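The following pair of complexes shares a single chain, chain A, combined with chain B in the former and chain C in the latter.
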Partner chain A sequence: MNASDLAPTYDLAVIGGGPAGLAAASLAARAGLSTVLFDENPGIGGQIYRGITSTPVTDRTILGEDYWAGAELAAEAKTSGALIVGGATVWSLDPQRIVGVSIGGKARLIEARRVIIATGAQERPFPVPGWTLPGVMTAGGAQTALKAQGLLPAGRTVIAGTGPLLWLLAAQILRAGGKIEAILDTTPRANWLRALPHLPDFVLSPYFAKGLKLLREVRAKAPVVRADRIEAVGTERLSEVRFGRGDGDRRIAADLLLLHQGIVPNVNLAIAAGVAHEWNERQLCFQPVLDPDFGSSVPGIAVAGDGAGIAGGTAAAERGRIAAIAAVCALKPQATVPDPQTVRQRLQREEMGRAFLDWLNRPAERFRQPEGDTLVCRCEEVTAQQVHDMAAMGCEGPNQMKAFLRCGMGPCQGRLCGLTVTELIAQQRDTTPAEVGYYRLRPPVKPITLAELASLPISEIERKAVER
Partner chain B sequence: MARSADVVVIGGGLHGCSTALHLALRGLRPILVEKDYAGRHASGVNAGGVRQLARHLAEIPLSIASMGLWEKIEELVGDDCGFESHGTVLVAENEEEMAGFRARVEDLRLKGFTHEELIDRAELKRLVPAVADHCPGGVVSRRDGAADPFRTTQAFRRRAIEKGAEVLEGVTVTGLARAGSVWRVETSIGPIEAPKLVNAAGAWADRIAAALGEPVAMDVIAPMLMVTSRLPAFIEPVVILRGRKLSFKQLDNGTVVIGGGHLAVPYRDENRTVIDWAKLAISARTVWELFPAMRAATIVRAWAGIEARMPDDIPVVGPSATSEGVFHQFGFSAHGFQLGPATGAVMAELVATGATNTPIDGLGIGRFKR
Partner chain C sequence: MFKRLAEAGAPVAITVDGKAISARAGDTVAAALLVAGIDHCRTTPVTGAPRAPYCLMGVCFDCLVTVDGVGSRQGCLVPVREGMTIETQLGKREAGR
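What follows is the complex of A and B.
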């Protein structure tokens, strides 16, 4: 597939080939919409089903049945008639639904009558001292290597943090024959207070039995220690992990530290497109303001999947279907679509145990609001103290902070520091993250080369120049 | 109870902040009213070019006065504003352009201005080694340079406050009326009364002018810029073109800012712009041709600041033609950053004394009346 083979216009553009995107594209294409799905990875599946059509890990017990459920979704999408384009980086989306996309080093602008953003989630930043040392990576990164290439962590491995993915990764590593020196559980005990009222719903949800089984499986094979302080230590690279609780101070020699404290919506594309966002206090992140069909504040643009607020892979697929049904109803009212009520009921069931999980796995303040020399912005090397001082001097928001310190202005566009900066400013100024707000994000939301941009077809430029 | 001041300055861009500072330096008590925060729009996000080169004749005296202030900027505002002087080079892409440049430089000399200097191919290559070989020469203004726009605006704001100006941010002007011998400025936090009023409201200045009964045709524009990831240092001066829209400069940190006047779509009531990638692609292609070394560079961000453009592309600077005690300072048409320091001084002089020694004929609002 070349950029030049794309049509100038599609009924629906779906951005992201995870469960939400696959389900949405499938449903819309089957209902007769001309549908294109872009994903920046060569294969579909997104993060949760990464490598679903190509993984070398063929023993189905290792990645688990929840992973392999993605195969059906992928197969469905492939036969739906939707044009699925891998290796396609969407770098811009504007409120007129002009999509900027690069494929194989060539850029194109296409127009879509509807857009479903299904760019999913990313791991929450985990800024502890030493988190930028070689040998420290995210649990998600390790899981990607396992799914896509069948790679197991090498050397003495320590996993630290909180959240379901942490335990799932530990189980997958152990099942595949890997070894884990220790799991440092940073889940604050006090979280139980706020989680408990939601326990009955959780017990009835599909997560309950799976979760318990997973915890039991991991605890049987790897030592689990509670920690409320973590530090990665080493000169050239990681050599040990220091951790502790209260006054205690322990250390463990390690070659690899995998950090994880939950996932948050990947908001960059939606914010750059002008979609209004709000603070979610339970999940401690920004999420788009959406209607019941996952339509955003920008007409014709919907956000489905975990990008709409974290709810997990199976819920993501149902959300994708709901957004796709809305697109079909708007563009082709006579088409046959699945009964939206049935889909909504399934979604409700999938979302049921969420409140309990969210409250229980809410990361501790000290792991979200670092201090001193701990780096906040890795691209521009800005420390917590610098952000703190600037806020104390009167800098009111992340956008002024950008101008003063350049934090969030590197190639990652704030993905690794945005939430931390917002929370640090809120803490210093004694206000809420909702008040402080988030970075105004600028396209390109993914870097493109000058050569790619220069490659935009001339005729298209002239056409747009006349239209505007 | 209305607040009172000697002067109300509307707009907290570089121009409003500079005027507030110079008013305070003259011992007056200004209140500056800004609807967002200082430097939120064009003043904070422009390309930062400090350029005397290639200016309209009517602006040259202001520009030269401003250059003098830029060269002592730290004395004026207590911050170097990131100002660095490596010159601006206007590159000729062919002999025909070169001939035009030659005529312009000669004409300026006849009028007594010597800051623009014609350069041949060899001097161009010396100043800008990375430029493509087909360019036959150009014009340089050696004292020109670039500064950090947001930092500059903040420095002027900070120094204005230190010198006694009051800066009200997040405050909107909702009405203007004459009340006896003073102007009554209605704002979102109550009225302010002052005998003098400065309209430095940038992309919103036409509304202030209209409220004063002096409507003026003004475009709201949003010139786009894009910036690359860091590259090894390869160019010192700011480079601009005449035939095609391009301005080009490498910052201290290695990133390269590419602009030149292609426009985004502005939504001034929402403080928002929508980038037009098709037009940025034209800039990308121009850079591709002119600086082969840039082809593999990565674009990490594009943005646009909202500002005002007058029909004749030069600003409105001077007293109102209809309202006593009112002074206009807007419409800088995408090249107001360098003019900020001196224009503030001139406005303060006008407000305080009723006259200025810096020639600003040709910039009056009266020119739009028929």
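What follows is the complex of A and C.
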């Protein structure tokens, strides 16, 4: 697929090929909308179903049945008539729904009558001392390597943090025959207080039985230690992990440290498109302001899946369907679509138990608001102390902070420091993250080369506009 | 740091800083570097600290490498191809590299 093969206009452009994007594109194409789906990865599936059509992991018990459920979604999308383009990086989306996309080093601008942003989630920053050392990775990264390439951690592996993915990854590594030296559980005990009122809903949800089974499976094979301090130590690469509770100080030699403290919406494209966002205090992240059909503040642009607020993969697919039904009803009212009420009921069922999981796995303040020399911005190597000092001097927000320290101005464009900088400023200035706000993000939201920009087709009118 | 569960996928010959490495079809550049035991793929422009792939999902930009002469490509998003030339990036990317 070349950029030049794209049509100039589509009824619907879906950005992201995870569960939300696949379900949305599939439903819309089947209802007769000309639909294109872009994903920057070589294959579809998003992160949760990463490598679903190509994984070399053939033993189905390793990744588990919840993973393989993605195969159906992928097959449905492939036969739906939607044009699915892998290796396609969307670097721009404007309120007029002009989509800037690069494929194989060539860029194109296409128009879409409707857009569904399904860019999903990323892992929450986990700024502990030494988190930039080679040998330290995210748990999600290790899981991606397992799903997509069948890579298993070798050597001494330590997993640290909180949240369901941490336990799922541990189970998958163990099932595949891997070894885990220790799991450092950073879930604050006090979280139970706020989680307990939501326990009844959780018990009734599909997560309950699965979660218990997973915990039992992992605890039987790997030592689990509670920790409220974690430090990755090494000079050129990780050599040991220091951790402890209270005054305790323990060390464990390690080759690989996998960090995880939950996932947060991947907001860059939506914010750059002008979609209004709000602070979610329970999930401690920014999420788009959406109507019941997942329509955003920008007409014609919806945000579905975990990008709309974290709810998990199966909920993401239902959200994608709801957003797609809205797009079909707006563009082709006579088309047949599934009954939206049925989809909403399924979504409600999938979202049950989420409040309990969110409150229980809410990461501790000290792992979200680092101190001293701990790097906050990995790209520009800005420390927590620098951000603290600047906020104390009167710097009011993350955008001013960029001007002073360059945090958020490296290649990741704030993805790995945005939430930390917002929270640190709020803490220092005794206000709320909602009040402080987030980085102002502008296209291109992914780096593109000048050659790619120069490859954009030019019309005769455009050429005449600049020619003398 | 990582080993392959199974030697599935056809071998793909690539070079990393001039050294021949056998990757597998289905590998991304970042995955190929990890399994080959290459301990870092770039050093940072600010302090020259070594970095290795961190998120493998396109958000951290720590796996930036030069692929077939084009600098600062995200290794975790680029599939390996027979004959691909990969160079690790040292500090600031120099003009003309």
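The definition used in the following text is that the second predicted complex is superposed on the first by the 460 of 468 C-alpha atoms of A that agree within 3 Å, B and C clash if a C-alpha of one lies under 4 Å from a C-alpha of the other, contacts with A are read in each partner's own complex, and residues count from 1 in each chain.
The rule is short, and it goes like this: contacts are C-beta pairs under 8 Å (C-beta built on N, C-alpha and C of every residue); 3 or more make two chains touch, one makes a residue touch a chain.
Worth saying up front: this structure is predicted, and the values here are computed from it rather than measured.
Student: Answer with first, second, both or neither: which of chain B and chain C does A:Ala220 touch in the superposed model?
Tutor: neither
Student: In the superposed arrangement, does A:Gly410 touch chain B (first), chain C (second), both or neither?
Tutor: both
Student: Looking at the overlay, what does A:Thr138 touch: chain B (first), chain C (second), both, or neither?
Tutor: Second partner only.
Student: Looking only at chain A, is it chain B or chain C that touches more of its residues?
Tutor: Counting contacted residues of chain A, the larger count belongs to C.
Student: Quick check for you: in the superposed arrangement, does A:Thr449 touch first (chain B), second (chain C), both or neither?
Tutor: Both partners, chain B and chain C.
Student: Return first, second, both or neither, reflecting whether A:Met393 touches chain B, chain C, both chains, or no partner chain.
Tutor: The answer is neither, since A:Met393 touches no partner chain.
Student: Go through the superposed model and pick first if A:Glu40 touches only chain B, second if only chain C, both, or neither.
Tutor: So A:Glu40 only meets chain C here.
Student: Mind working out whether A:Leu109 is in touch with chain B, chain C, both or neither, as first, second, both or neither?
Tutor: first
Student: By the touch definition above, which chain A residues appear in both interfaces, chain B in one complex and chain C in the other?
Tutor: Shared contact residues on chain A (touching chain B in one complex, chain C in the other): 410-411, 447, 449.
Student: Chain A touches which residues of chain C in the complex?
Tutor: 1-6, 8-9, 24, 26-28, 31, 34-35, 39-40, 44, 46-47, 49-62, 64, 70, 72, 76-77, 79
Student: Taking the touch rule as given, give the residues of chain A at its contact with chain B in the complex, in rising order.
Tutor: These residues of chain A touch chain B: 92, 94-96, 98, 100, 107, 109, 274, 396, 400, 403-404, 406, 409-411, 413, 442-444, 447-451, 453-456, 460-461, 464-465, 468.
Student: Any idea which chain A residues touch chain C in the complex?
Tutor: Per the stated touch rule, the residues are 40-42, 47, 51, 54, 56-58, 62, 87, 89, 105, 122-123, 132-138, 140-142, 144-146, 148-155, 176-177, 236-237, 255-256, 266, 378-381, 410-412, 415-416, 447, 449.
Student: Can you check the complex and tell me which residues of chain B touch chain A?
Tutor: Within the complex, chain B contacts chain A at residues 37, 39, 44, 150-151, 154, 228-229, 253, 265, 272, 274-282, 284-285, 287-288, 294-303.
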